[in-house]
Amino acid sequence: MDAILLQILNGLDKGGAYALIALGLTLVFGTLGVVNFAHGALFMLGAFCAVTFQKIMTFSKQVKDESITFFDAYKEIPYLEIWFGETGTMLIDWVVPLSILLAIPVMLLIGLIMERGLIQYFYKRSHAEQILVTFGLAIVIQEIIKSFFGANPIPTPAPEIVAGSANIGALFGLSDSVVYPYWRLIYLAFAFVVIGAVFAFLQFTTFGMVVRAGMADRETVSLLGINVERRFTIVFGIAAVVAGLAGVMYTPILPPDYHIGMDFLVLSFVVVVVGGMGSLAGAVAAGFLLGILQSFASMNEIKAIFPGIDQIIIYLVAVVILLTRPRGLLGRKGVMED
Amino acid sequence: MKIFKLSRNDTILMLGFAIAILLMPIWLQPIGAAYPDLLQKFAIFGLFAIGFNILFGLTGYLSFGHAVFLGIGSYTTVWTFKLLSMNVVPAVIFGTLLAGLFAVVIGYVSLRRTGIYFSILTLAFAQMSYNLAYSVLTPITNGETGLRVLRDDPRVLDGLFGVVQEGSPVGNFFGINMQGYPGFYFCAVVLIIGFFISLRIFRSPFGLKLTAIKSNQNRMRYTGFNTRPYLLWAFVISGMYAGMAGSLMAVTDPLAGAERMQWTASGEVVLMTILGGVGTLIGPMLGALLIKYFENIFSAFNESALHDMFSFLPSLLENLMVTVVHPFVGDGWHLTLGTLFMVIVIFLPGGLVEGVTRLFKRRKSDGVSAKNPGPES
Amino acid sequence: MAENIVLNIQNVDKTFGGLQALSNVNLQIEEGKIHAIIGPNGAGKSTLLNVCIGRLEPTSGTVRFDGEIITGKTPYEINQAGVARVFQTPEIFPELTILENVMIPALAKRDGAFSFNPFKLMSDETDILKEAEHVLEDMGLIDQMHDHSGSMSRGDKRRLELAMGLVQRPRLLLLDEPTAGMSRADTNATIETLIRIKERGMTKVIIEHDMHVVFSLADKISVLAQGAIIAEGVPDEIRGNPKVQEAYLGGAH
Amino acid sequence: MSIKVSQPNGWTRRSVLKTGLGTAAMAGAPMFFVRNAHAFTNDPSNGSSVILGFNVPQTGAYADEGADELRAYQLAVKHLNGEGDGGMMNTMKPSSLKGNGILGKKVEYVTGDTQTKSDAARASAKRMIEKDGAIMITGGSSSGVAVAVQSLCQEAGVVFMAGLTHSNDTTGKDKRKYGFRHFFNAYMSGAALGPVLEKEFGNDRQAYHLTADYTWGWTQEESIKNTTEGLGWKTNAAVRTPLGAGDFSQYITPVLNSGADVLILNHYGKDMINSLTQSVQFGLRDKQVNDKDFKIVVPLFSRLMAQGAGENIKGIFGTTNWNWSLTDEGSQAFVKSFGAEYGFPPSQAAHTCYVQTLLYANAIEVAGTFNPCGVIEALEGFKFDGMGNGATEYRAEDHQCFKDVLVVRGNENPSSQFDLLEVVQQVPRSQVEYDAAIFGGELGACA
């Protein structure tokens, strides 16, 4: 029972991550119709916002380490600690949550630049060309990050206070062994908040209404004299911010490296398509569905019956869903079907 | 013979292609690409891309899992080497056929959907195959290490005909070892045949119908065509090309690894095709040349090689050039590749062939319309 | 009489959700005639055509072509049986040349629903080429036949549509407003073409708004209003039918 | 545009002449490598230089490791050519190296990217052999790649000096006459860890394995299991995890309720960084089970992994081939030389690659010929010291180096950013030795 409860939590947590990554992609891919292979790179850039912020915050005074004689080695003492003492240490400790503040404007800017500088010229080009140009862009972004930060993962821990695990079992009067890391719970809550915010934005604001209308029928909305293009630029910016935030918040769970975006790229496309093209709710639903199924498929009891099922479950589910539902879970007709 | 018939322009194209491929060891010498392994890779990936283009270029169905057939072709070939004979003929035939068989199954299922849904289905099949081959199917695939030919494999046919293998077993074509240059020429001949078949398909009513399906599949149905079998045939043919390419990889180097089926490998052939020009005849070959060249040559530059290269310059300039070029070569070769993708697609819409054709046409604005029915070369 | 009925629509109903698009439609199309279906917007004309070509399945009732039930068959089976359709909004192959656009349906006629012939050459298909050129000649498109069809004018696209239908020489050709969007001159030319090929014995069903076209072509006219046939007869009968006038002109007159 | 000035020589040239336009009557003759007693692949005797091929991952997850290997190789080349301070050339005993290249010929090198993929690694190695005329290939940072390249080198008649490869298979069932491994292996990790685990954790333990689901993971799991079960530990479960799973939570939560009190992570690289980080997040490092402190063991450590895992590495036990903090003469000379060149200490991957290069060069000097058969003979059974791991022997039966193994622990109080691992024990070579026959395999012959 505990095991199942924990797997549900794992599933939700994974699902939250998948949904968050897929959300931005489906905004761009499912609705603007741009096959954006650079979406993973946006996720990665978000994660590196946290890394960069950490580097800035821990900018250190170098004190020569006399104990090492083979070469010049330095101990590093962050200036923040030198200047502010305890407060400085705390600020460094809180670097991941704080870097959200940095990530929002930075990612928005990156999104806008990307759309205005490149993507806008590709709305009318073939999907094949969109793939090539965004894939090229993704590689270039990756390589730039690699040249600055190396290829090795960089530890970006959560604040000390939430680094451990919450004893949920005790909280709900269940067994003591139901513990779950605070940060993963925070991530889940964060995912819900961001997803909710994006939905609310599209549902309840005039801007969102126009965007939704534009997604459904771009031509008509343009004929109404509304500048859809400009709104789409902003949608792209929002997608970049969502992807970036997903990246920032994921860093304590997965120490980021330059390749982390590529690792998530295929998965995020699968989630979006299983959810159904052009459907935000579908992408979110598919994210959680795949997350939970993946967690359960990894249980020893299941693996004993189907060896290796955890290796393929995501793709197996994708095949089953796409064969039983022609447009994924909640896809709209005619979007990216040709 | 009727089966070899081609229009005059196509005959020139075909001859030009064959000569260019066969003479690669000569004209690639100045750019440092004329060594057997890379030449083999050019031919093999050219074949892969040309086959992929029959599906993607003609029907517009973008498969994101074609590497699975590459893998199946390789594994089957190595198994044929192990069980039957080191002769490459049965190995290539089996590899191609089994890939075709898998293509029938995967194609039949995936073609029930169109557009991105189709792409994700093919991707899913390939990723499942890759993941399983890497882990639980290790008894068949030898997992991470890759399936290899061993000296004490049974090789029933070789035993029957008394062929004795000395040293490490190497694929042979009736006694000619398929490594080094003979291996390249074998691949080159297969490639040229593959190109010829592709050319004929492009020029056939079958090809025209496939193009029409790409253009407007619904209309094809109301025009009286059952489009599904057409698509399936295109899928299977291109799957067999991939299987054959996989076979050739194992022929020239008797090892089959699971990575060959990973999505990055499927993505590579997509990129090759788009880079060269989707739906053009020689575009995919050019794309394959370009990507493989960058992968093998640009990654090999290191700082000392760069200094050698620029040593004719004054030392200040030499150092400057090395500093400028260095990020793009060696461990930075991906950067060059990414930049190349972007530059080509931005400045040459439609890929290399189409982009250059357009530029050419714009210059002499009185473009003569194609006399040949069927897509342009 | 029964033996020369090509298309026999019997008791066809079609509902979309709660909306009754066709109610108990009965229609017999005679061999070799031009049969026009007219009616106000939303009367169900296009729905009826879509039922005939297999795009839609009727809620109840049957459609027989040449005595055989074709309801439930796939669009390509119906086409191969001998029913071709000319679409109202041009449904061409925009990436192909005009000539190729016409050769495709000709190939369908000759090769059937599927044939695997990757080693034939298009350049050897002289018969198909001749047929296509002949039809293009008829439609006045022969001079530009090597141009890409995607960049044609809308009127030319309509003529290409017609050519694609005609090249198959179907037993029954369904034309959905063949002259919509054409200039007066083009319309007249099209009428002439249709009259000219009438003698070849092809049965046609025409949906048309343009009364000039209808009355210059049709042997027989059926009037559809609110999903039901309200009148049927030769042009002169229909012209004087008060029910038709009411349905068409509504309360305005 | 060409990279290497050297002419393709040896069999490549001959092949061109013989088969250049596909005309030669070649039936019967072994074509790939035209060798006989006096001719061998890429014989440098007639040139002024000898070319080594450094085949390391430059892209992908192990790019940093590859970069460090490359630094070590470049340093080794410098030292061999008599530049720099000579590094371990001064401490190696016995040494026939003279600091004037190899057999008086200047050492040059070519580089390539393995991408940590067998296909790419073999393609790169082939380029070095076919085009650049490399006489030896070395490098790599995964066992799959090492095994793939090693068998290629066997076919090509070129010596392969393995870089970082830890699987038992490399010198076990996939060993080759032309392949040599200085790095230790999973079996030795297990054997070295055993006594330390017993001393630290006792005999009554339950181990839970998370194992990367591919050949290296399996061999390590098996080796560690054998050791721990020999100590009287029970194996609670051994769960396979997909390579590159990223998030391991679904494999970690079952550990919480399993009753196990030791978690063994048979992961390497990114997988290890992620699984360790996440295990610690799930509170496993601070947990109490069966009235004992829960423990995590990572059998194979590297400094780069420790860097990636950050704080989470503290107190975690594992093994490494070598660590820069060793104080023997050889290690000090190498660290000093490397540190002076690059500003930071070398990793264990750098160490093994540096040593391999020197050993190869030395073997040529001993043999007095570039002929691989002679070189192999000189390497087989070669005993040496002063290279950082104490007295070492290249065992002739399987081409595996036998030397001391380091059991390390994540440093609780690192004094610098490089001081991540603390050496708990230098397990003597005698304790990790095994019979070469247990892993099977066949070296084959030198043709």
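Letters A, B, C and D name the chains as they come in the text, with residue numbers starting at 1 for each one.
Rule of thumb we're sticking to: a contact is a pair of C-beta atoms (placed from the backbone, for glycine too) under 8 Å apart; a residue touches a chain by one contact, two chains touch by 3 or more.
Here the structure is a predicted model, which is why all the values come from computation and not from measurement.
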Taking the mean of all protein C-alpha atoms as the centre, the chain whose own C-alpha mean lies closest is B
Chain B and chain C, separation of their C-alpha mean positions in angstrom:
45
In whole angstrom, the CA-centroid distance of chain A from chain D equals 35
Whole-angstrom distance, CA centroid of chain A to CA centroid of chain C, is 53
If you average the CA atoms of chain B and of chain D, how far apart do the two points sit, in angstrom?
33
Among all residues of chain D, those touching at least two other chains are 63, 67, 213, 240, 242
By the touch definition above, chain A meets two or more other chains at residues 308, 311
If you go through all the chains, which pairs of them touch?
A-B, A-D, B-C, B-D
Within the complex, chain A is touched by chain B residues 56, 60, 62, 109, 112-117, 119-121, 123-125, 127-128, 131-132, 134-137, 217, 263, 267, 270-271, 273-275, 278, 327, 332, 334-335, 337-342, 344-346, 349-350
Quick one: in the complex, what on chain C touches chain B?
53, 55, 74-76, 79-80, 84-85, 87, 91-97, 99-100, 103-105, 107-109, 111-125, 128, 146-147, 164, 168
Spell out the residues on chain A that touch chain B in their complex, using ranges where they run on.
35, 121, 125-129, 131-133, 135-140, 142-144, 147, 266, 269-270, 273-274, 277, 307-308, 311-312, 315-316, 318-319, 322-323, 326-328, 336-338
With touch defined as at the start, can you tell me which chain B residues reach chain C in the complex?
3, 5-7, 197, 200-201, 203-209, 211-212, 214-216, 218-227, 229-230, 233, 237, 369-374
Mind listing the chain B positions that touch chain D in their complex?
25, 30-32, 35-38, 41, 131, 134-136, 138, 143-146, 148, 151, 166-168, 170, 174-177, 179-182, 185, 249, 253, 255, 257, 259-260, 295-297, 299-302, 304-305, 308-309, 330-331, 333-334
